[in-house]
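Chain naming follows the written order as A, B, C and D, and within any one chain the residues start at number 1.
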Amino acid sequence: MDYQAVLEEVAAHARPYVRQGRVADYIPALERVSADRFGIAVADINGEVYGVGDWETPFSVQSISKTFSLALVMAQSHGGHDSIWRRVGREPSGTPFNSLVQLEAENGIPRNPFINAGALVVTDRLQTLTGDASTSMLHFLREESGNQDLAFDQAVADSEAEHGDRNAALAHFMAAFGNLENPVPSVIEHYFWQCSIEMSCRDLAVAGGFLARHGLRADGSRLLEAREAKRINAVMLTCGTYDAAGEFAYRVGLPAKSGVGGGIIAVIPGRCTLCVWSPGLDARGNSVAGAAALDHFTTLTGWSVF
Amino acid sequence: MDYQAVLEEVAAHARPYVRQGRVADYIPALERVSADRFGIAVADINGEVYGVGDWETPFSVQSISKTFSLALVMAQSHGGHDSIWRRVGREPSGTPFNSLVQLEAENGIPRNPFINAGALVVTDRLQTLTGDASTSMLHFLREESGNQDLAFDQAVADSEAEHGDRNAALAHFMAAFGNLENPVPSVIEHYFWQCSIEMSCRDLAVAGGFLARHGLRADGSRLLEAREAKRINAVMLTCGTYDAAGEFAYRVGLPAKSGVGGGIIAVIPGRCTLCVWSPGLDARGNSVAGAAALDHFTTLTGWSVF
Amino acid sequence: MDYQAVLEEVAAHARPYVRQGRVADYIPALERVSADRFGIAVADINGEVYGVGDWETPFSVQSISKTFSLALVMAQSHGGHDSIWRRVGREPSGTPFNSLVQLEAENGIPRNPFINAGALVVTDRLQTLTGDASTSMLHFLREESGNQDLAFDQAVADSEAEHGDRNAALAHFMAAFGNLENPVPSVIEHYFWQCSIEMSCRDLAVAGGFLARHGLRADGSRLLEAREAKRINAVMLTCGTYDAAGEFAYRVGLPAKSGVGGGIIAVIPGRCTLCVWSPGLDARGNSVAGAAALDHFTTLTGWSVF
Amino acid sequence: MDYQAVLEEVAAHARPYVRQGRVADYIPALERVSADRFGIAVADINGEVYGVGDWETPFSVQSISKTFSLALVMAQSHGGHDSIWRRVGREPSGTPFNSLVQLEAENGIPRNPFINAGALVVTDRLQTLTGDASTSMLHFLREESGNQDLAFDQAVADSEAEHGDRNAALAHFMAAFGNLENPVPSVIEHYFWQCSIEMSCRDLAVAGGFLARHGLRADGSRLLEAREAKRINAVMLTCGTYDAAGEFAYRVGLPAKSGVGGGIIAVIPGRCTLCVWSPGLDARGNSVAGAAALDHFTTLTGWSVF
């Protein structure tokens, strides 16, 4: 597969979709990003990386970090990795990603680890396991991406905290059901720091390589059992793109996780990990040009999990 | 009407219901109250008070305070008293009293001022109007009841705060919709102080007299316009007893407001205000013996708004 | 009280509201009614009737019939009148009047007898008790109103049936929960016939007199025990005006039942029964000018249940 | 791959799960099936079939038919195959499979074609396209399976109709939103006939071969475009096992469709189609032993889409 040629064709196809949708504006730090940006990168399972456009420009990972917090919790729970699943479900949410309705109906157990409530529970668990849920993630991402310059964006984290009433509501609500181990302010703070990490398409495609390598890290050591890596992919496919997971599976057919910074990572198990970025979002919070690019990538390559 | 004789007959009728239901146990300070207690008082519109049983024993007013915070906000909003109604509705909630579902569906506007979310909005408004939402209420209650010993119960307020995640969730959630004027911790704190006020049946029946006197205070001065007092009674009837308001109207037929401390105040417009107390609660949070007593009172007197 | 003078002032006050709102258009037979119409009538408990405007013009009673079906079921269930309350609740619905959500959450038990689902259950019961739920109601209304010309409007009943998928859904849904005694098509048919009855403000005010007379019929015989009549008034107040019952209680403060034909009946217990009619409806299905008229009536007379 | 050996090992693994769960009992015809049965079959893409246990015993396909009705509608809508997606969504339902809540919130558009409401819409469309939505499916299944003896089970269809109030409610409700083209009774009848078809594991594995062959029928002709077949697989994975689709994807990782008769078909794209049958169902309506068998099949073979 000539990845470079494919990516160039994909970028050309996606170009008309750039600037479509709407840049996230709930915090100023995200709103300032130019809607014009578009980048895409592929990292194959041997560590080769290809990219076009703004593939080396850092952006705010936002909810893509939820994939890594889940992986780290599963990796650090050897012999008891199922425990997180007593506190968070694995079913698509069926309602917009911040919904409190489901949480109330199901006694404080979030439907899955990729809605905000679920990610707060996972972050809480990671905090307990590591003592620092955000720094441990940052160190992991630096190692996997090979980019020691990765850092939090303090302006983004502060801005999220300032506008964080909804996440505070979710966390207090779960605390009321006894589903948090650490104090609400601490959990929220680490969650916002995780979301604020800045990474490029290149960084994310490389750092997510373990998902395509059935759990093996960049250095060949094992992060997750093969069945655990497969299972994260399954959760990505059914829950990774907010309330559009069914539509995304239908169109693209790959495990993927999106963020409101405009990034989407996707996995072709056994082959490669992709990351695409363009800040314009559709009504459900997924990058418009990013989804179009992944759709076209699967059309060109014929690769899909189905 | 020989109130004393009626109250004695009512108390005899209600006696078998005492110890039925379940004393509120979500905070230790409430759990310690003996389930055996029962008291009832009537204050007629001329200021005469009658009582039987534990009618002079103070108990935690809890949600009964919601009636007074609403009255105080309406009283202090002359010429613009409708403003609170842009931030809180007047419809029965149709779901258990802490529900977040409705709040989400209706963009952070609570259905009515007597569910917790609505009372938080009213407290927030009272805080803005008076600078101290809990002390201003305490002073008002001392004046109206004529009992200068009324006080907050610090143990109750602290205990509520310790177990206050659900109310914190509600407050943060409304803040996310822009429906709070003051900081969340301040609103919650004043709300808990209001709930912690200790009053007896006597105190509450006397302090609520303005509802039977079409808005006139104990000293004859006007707190509310007649139509405002009437309207608070309407909201009490349709929303005052949690998710059992329809049932309560059906059985008792009086405007009423209950609290999880086991108290219920009820109004017979133009005649008198009642307060009954017995700590055992039914599944919807209303005093079992208290409801039975009010039911029997209306049967004996033939008084009902219908 | 000079009713005639009051009604004239009320009509003058309500006039600007006539033509506001929107005439029900879900069936052609209702859509054809002129939005210009306005009438109001009062029947005092001695049988005197007063009216202004189009108070003698028949209109489609629609949901006002739900009051009479409930009364007839309660009247015919002597000694066991509570049985209907095992199949239908007494709580305000908290959601738009046709909602299926609540019905699903509460196992096929409608929240109250005045939402469509609840009225279908009441009609089903009346069908079992009388063998003909619509004709028995028509005969009762003829007797109470003294107008032997009252009749069904076949065009309306047929039109409702043609557009009756939502009511059919409700009925089948309750049948799935075992909450209907008679076949779905039969229950729906009688329900539509009841709604199609044509009556004037005069007819309705007179026919509803038993609600103001604590259960006594026009001829002085007893239809309902006093407490039963009081209880129907309570249900009217908390549930009689769709999802606006709280608002209606707040503004008007009277037990009332509205219909999408533009009529509203209201009760002042011990004094009189009113009926007002004007076809323009607000967003919740209540007559705009009708509500304004009742509001003004209570302001002028100072009569309210609160 | 020695399919026969794998199936035998899978059957041995699944054996302890047989008789677990509960046989569907909402209609007598299903209740009569012995809980002891277990069969599994695999049809590879070349038409070879393997099986163990009761793999040749016919059972009621029930909701598995939803896969075929969707495929037939997509196949007969060349050039305009997207039209069905204006009338039914592609998102997991997030609530139990018969829920009306979502349908109301989303204006009569079912969330996906595999919940009952969605399948009624697909059946309605197939009825319009073919003139006979049940017979056209039966003929297709006979041809694909090569078994001309396939037939409806009239007792099952009649029994479903007798207990069909909930489906009638769904259909009337969607008709009220204008989302049915044919009369409600006709749509329901054809839907019940489809569900009543009796097939064995062998029949279903062979008949579903087009899903593994990227749209090619048993005779090599094209039923669906490759992307259409892939998309049906995507919908099966995200929505095929009622409210347990996320859990099923997590555990098994294959596109699958279950039925309350105890059957489940699953697809390994490019390789084979499986069908497993055992009547004991878990709380969400999926065969307990069937899910265990598919789980073990993927463990043994290492085949998964992830």
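We adopt the following convention: a residue touches a chain if its C-beta (ideal position, glycine included) is under 8 Å from a C-beta of that chain, and two chains touch if they have at least 3 such contacts.
Just so you know, these numbers come straight off a predicted model, no measurement behind them.
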A-B against A-D, pair bridged by the larger set of C-beta contacts: A-D
Approximate Å spacing (C-alpha centroids) for the pair chain A, chain C: 55
Between chain A and chain B, centroid-to-centroid distance (C-alpha), Å: 47
Geometric centre distance via CA averages, chain D-chain A, whole Å: 32
Multi-partner residues of chain B (at least 2 other chains): none
Chain contact topology (line, ring, star, complete or other): ring
Of all residues in chain B, those that touch chain C in their complex: 89-95, 102, 111-112, 227, 230-231, 233-235, 237-239, 243-247, 249-250, 253, 255, 269, 299, 304-306
Residue numbers on chain B that touch chain A, as the complex places them: 99-101, 103-105, 165-166, 168-173, 175-176, 184
